[in-house]
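Before anything else, here is the set of structures, which you'll find just below.
One chain, chain A, appears in both complexes that follow, with chain B as partner in the first and chain C in the second.
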Partner chain A sequence: MLVPQTKNIGLPLMNLMRFKGLPILQQLHIEEQLLRTSSENWCIVNDGTNDPTVVMGVLGKPAELLEIESVLDDQVPVIRRFTGGGTVIVDHGTVFVTFICNKEAVPNLQPYPRPIMSWSSSLYSKVFQGIGDFHLRENDYVFGNHKFGGNAQSITKNRWIHHTSFLWDFNVQNMSYLKHPKRAPAYRSARSHLDFICRMKDYMPRSTFMDKTVEATETQFSLRPIQLEAIRTCLEAEFCPSSRFLTNEELEAAAVALQS
Partner chain B sequence: MLCRRILLKKVWNNGRRWLLPSSSLSPVPTTADYKRHFSTHIMAAFSLPQNNQFTLKIPYMENRCKFSSNAVADLHTNGIVDVPLAQTGEGIAECELLKWFIQEGDEVEEFQPLCEVQSDKATIEITSRYKGRVAQVLHVPGNIVKVGETLLKMAVEDTQVPLVTLSNLENEKQPDTKSNKDFTGGVLSTPAVRNLAKEHGININDVQGSGKDGRVLKEDVLKYATQEGIIKDPLVTATATADLGQLFHREKSSLLESAQVSGHYEDTIVPLRGFQRTMVKTMSMAAKVPHFHYVEEIDCDALAELKASFQTNNLEPGLKFTFLPVLIKSLSMALSKYPMVNSCFNEESVEVILRGSHNIGIAMATPNGLVVPNIKNVQSLSILEITKELSRLQQLSLDNKLSPADISGGTITLSNIGAIGGKFGAPIVNLPEVAIIAMGRIQKLPRVADDGDVYSASIMTVNIGADHRVLDGAIVARFCNEWKRFIEKPELLMLHMK
Partner chain C sequence: MALRMWASTTANALKISCATTKAPVFSLSRCFSTVLDGLKYAESHEWVKHEGPVATIGITDHAQDHLGEVVFVELPEPGGSVSKGKGFGAVESVKATSDVNSPISGEIVEVNSKLTETPGLINSSPYEGGWMIKVKPSSPSELESLMGPKEYTKFCEEEDASH
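For the complex of A and B:
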């Protein structure tokens, strides 16, 4: 239909891919490949992932961040992703939203962590307008002073990625796999996990959140829905993504190193 | 002369100011002194009354933070430079080095990624500011590197030194007011101002700075030069030009100004961003539409009388009457008779949607580019209501507060280019509309009456640009005749008064 599309003339184009239950490693692989090999803007929304998985930042040290014994005993998969940032445990209750943009996609946006974080938080401010005292606190999305969304980024020569994992819901037991991190934001004030985080489901229905996020994105971009199948052939077979599972051996070695 | 228009959507902006030329059809008054400065501002292209050229060479620069202010200090005499960790943005004190993309001995191009670091939540690629060879790598992955600390040493050719200075100049063109300090020489000023001082044989350290932190501004140099008798006629200072466009930092105008003064005619690369970039896209799309243009002259004597009458009998102070509202209302009358001209074309389904409302867009020139807010439902508005709405939209443009609703949903566009100058233009349709009308300046021209006598008439030339896939010459000609009738005989509008 001409009219709704043409009202967006002048907005940069952004491809929108929506998934449900896509495995997080696959999502990370797609994201990294799009960041490094595509020249278009992308928005990825993944409504939950399959199995509970620990996802660490690129420099995450398992010994410091995880209760390795429990992780090994329960065979919880651990991924080291290609972006910076902290550690999360994700499952079907996590909603992922990712923006991959060219440096000029957002007018006047400086391609550095803080400005990008500020831009994304203003986008989500529209989503959570009037709900739960939403704001960006240091690098996290919070309601009040409870975190419900964690962010990570990677900035390359001409592009950047900003991805967020939103705790729409979480399993209390899963949180026990994570240690209290050494590097924590000041506002955490030494609170335990459960006192520090909160669930988005107490504030907004899941589908409402995703729809509103897409709507808010549409005010700045002309969104074009794309199916993964449509781009599979374009995704280069030669690309080697860096996000990967840590092997049991690596985790065991980390546990041993910790004890010694 | 080409007339340009832009369909502006809400863009991310940091409170930039837009200014609007007077909406009346008379040219913007300027003094000869302003002329020299105008080439440096967007407004320049619009404000030169004698020059009908649209240059649109706007020195709009993205903040290129590829070079730090330490660049000059980095250079050692033997051609080896220290490359510090930079490009991480504000507030980041240190990063952990993740990996190198290069190794010692590698040849590296300017802007080639050197390494990846992590700070907090972000991994960041650090690119090279020089072309050269990696002489020595000073950190290994896992090291914590403070911002500003040397990452590696590079062997660069001496000829790159002027490049480094040029990069400082490039830095100066940003609208970012924070980082434009040049610390060498003890006195704060930009390279452009230093050039100007040098040009006049003035030692910049002798000049009293009136800017922030005592920095020496262009007008300080000029004032000093006048006082010392070095120059006779001081140029109009940047404060005058600042009245016209606060968008650009003063130093930017002095940069280009002094470039001309000192004879440094160098190429400037201007990446198109924001509205300009949008214009590239919209124009490219509009260029695919087969246009034809229809030109007509309209006698505006009756219109001038009407405007005078409105003004004399104006009961509302603060309300200014111009020609536009009557032109807009009569346009709507003509559209009622020829609805095809007020339509959108759907290429895919090969359908024309005859729009019910007459949402007439008025092109407005701002320092940022053209913006086209529209007046909704003109068919249901009186001329007085149109006047007020127009004034409201103009004020919002001035305050940079136009909402997305104000600038979307237009069905036809009027470009009052005559307010700036020109006889007529060849406008390009504002998609998805099918027609656009450029109105030239009203000029007093001699006409020949039926009895052979020559008389003077106020003539406005209009050029209607139309999408030839939807409209043909006959429809546009008849539509224009109808519109012209209402303008030349505005009393006919009363026939349709309800």
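For the complex of A and C:
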């Protein structure tokens, strides 16, 4: 007698898209369009991105956050993304996980920053159970007091996005493009970047992390794998995403303004 | 009324300050979110104060409390228009941008430029110094579909209780 699969009955549906090495700007464009034009729930996992890229929050001021001369000299691309939060430099060592949800998708969750952050940390607590003293510290994912995951959100009238860049590995040299931000979490305690962050690879294999994240998500959602090609025709051609590269002219103007 | 007295007594017992820059006409203790008489409220937690030809819009005490410290406010330009239920700006609290939606339709006649330098006014004075835009309503009847203070208070209590 066949026993029917019952584990996902009654769970809200969530579409799952997995990428490897998708350029981060393309990921951000897809995410913003899904947030603003889709009525479904989405989980996006992107295993690394191609070129090292600086990604600032929507309100980031380049002169305050970046070593602009180095960024310009080394032609490091800089993106201003559509969500809030701080500045990261991402590359093939970064693993991205994004949740885009209707406000009713998670029962009893108010669509505000702190409840959403708390919900996401409880999901990742399942992923990192017993590993490395994982917890949410202010708004970062940490092992102990070392950050390995940075979060950002955007909340609209009926939906929200919460996305995370995980430092599975990083290039020490790349961190030198980032200044110590004016607004830093208290637990950072004025530590330098390299003393503040840690590598997830010291705690968990990469594929294990992604698989466990999907498993943890499946405890709350019925996941439906989707390929990008399947939705490409549905993504509105008229939609104009706001995440974009900053031009050299903009970065140079920011550097000049800082000096004056 | 009984709830307000109980809340006030509790606030005194806990020695919680209820000071505001200007005493609101009707308020609960700041143990709970403040809701003012004379305003109308949207389910997305914006308020409207209609005085003569102009309506002033901002976000409520409930909203600012749930958002956390506001570090930036994105506002439109005067002369633009807003539509009921559609976003006209955003507030950034740590790590998150949150859309702000207009409860009514109309032409933007003034924008609170102080919020550029002092976004924290949204937290400290959501109904006074933290106002966001002033609008000439194009459909005054839209105000009638908004909630009054008692209805909005109940809405917030139910929303918080269910989460």
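Heads up, the rule we're going with is that the second predicted complex is superposed on the first by the 254 of 260 C-alpha atoms of A that agree within 3 Å, B and C clash if a C-alpha of one lies under 4 Å from a C-alpha of the other, contacts with A are read in each partner's own complex, and residues count from 1 in each chain.
By our rule, a residue touches a chain if its C-beta (ideal position, glycine included) is under 8 Å from a C-beta of that chain, and two chains touch if they have at least 3 such contacts.
It should be emphasised that the depicted structure is a prediction, and the values quoted were computed from it without experimental measurement.
After superposition onto chain A, the modelled positions of chain B and chain C overlap sterically. When chain B and chain C are set side by side, the one touching more residues of chain A is B.
In the superposition on chain A, A:104 makes contact with chain B only, not with chain C.
In the overlay built on the shared chain, the residue A:154 is in contact with chain B and with chain C.
Of the two partner chains placed by superposition, chain B and chain C are both touched by A:112.
By the touch criterion stated above, A:190 is placed in contact with neither chain B nor chain C.
Only one of the chain B stretches 22-30, 166-174 or 472-480 carries C-alpha atoms that clash with chain C in the superposed arrangement, namely 166-174.
Taken together, the two structures place residues 57-59, 82-86, 108-110, 112-117, 139, 151-157 of chain A in contact with chain B in one case and with chain C in the other.
In the complex of the two chains, the chain B residues touching chain A come out as 6-14, 62-63, 65, 87-92, 96, 98, 111, 113, 118-125, 127, 271, 273-274, 277-278, 281-282, 285, 344-349, 353, 404, 408-409, 431-432. Residue ranges on chain A touching chain B, taken from their complex, read 1-3, 6-11, 57-59, 82-86, 104, 106-110, 112-117, 119, 139, 151-157, 219-220. Listing the residues of chain A that touch chain C in their complex gives 57-59, 82-86, 108-110, 112-117, 138-139, 151-157, 183.
Those residues of chain C whose C-beta lies close enough to touch chain A in the complex are 44, 66-68, 71-72, 74, 85, 87, 92-99, 101, 159-160, 162-163.
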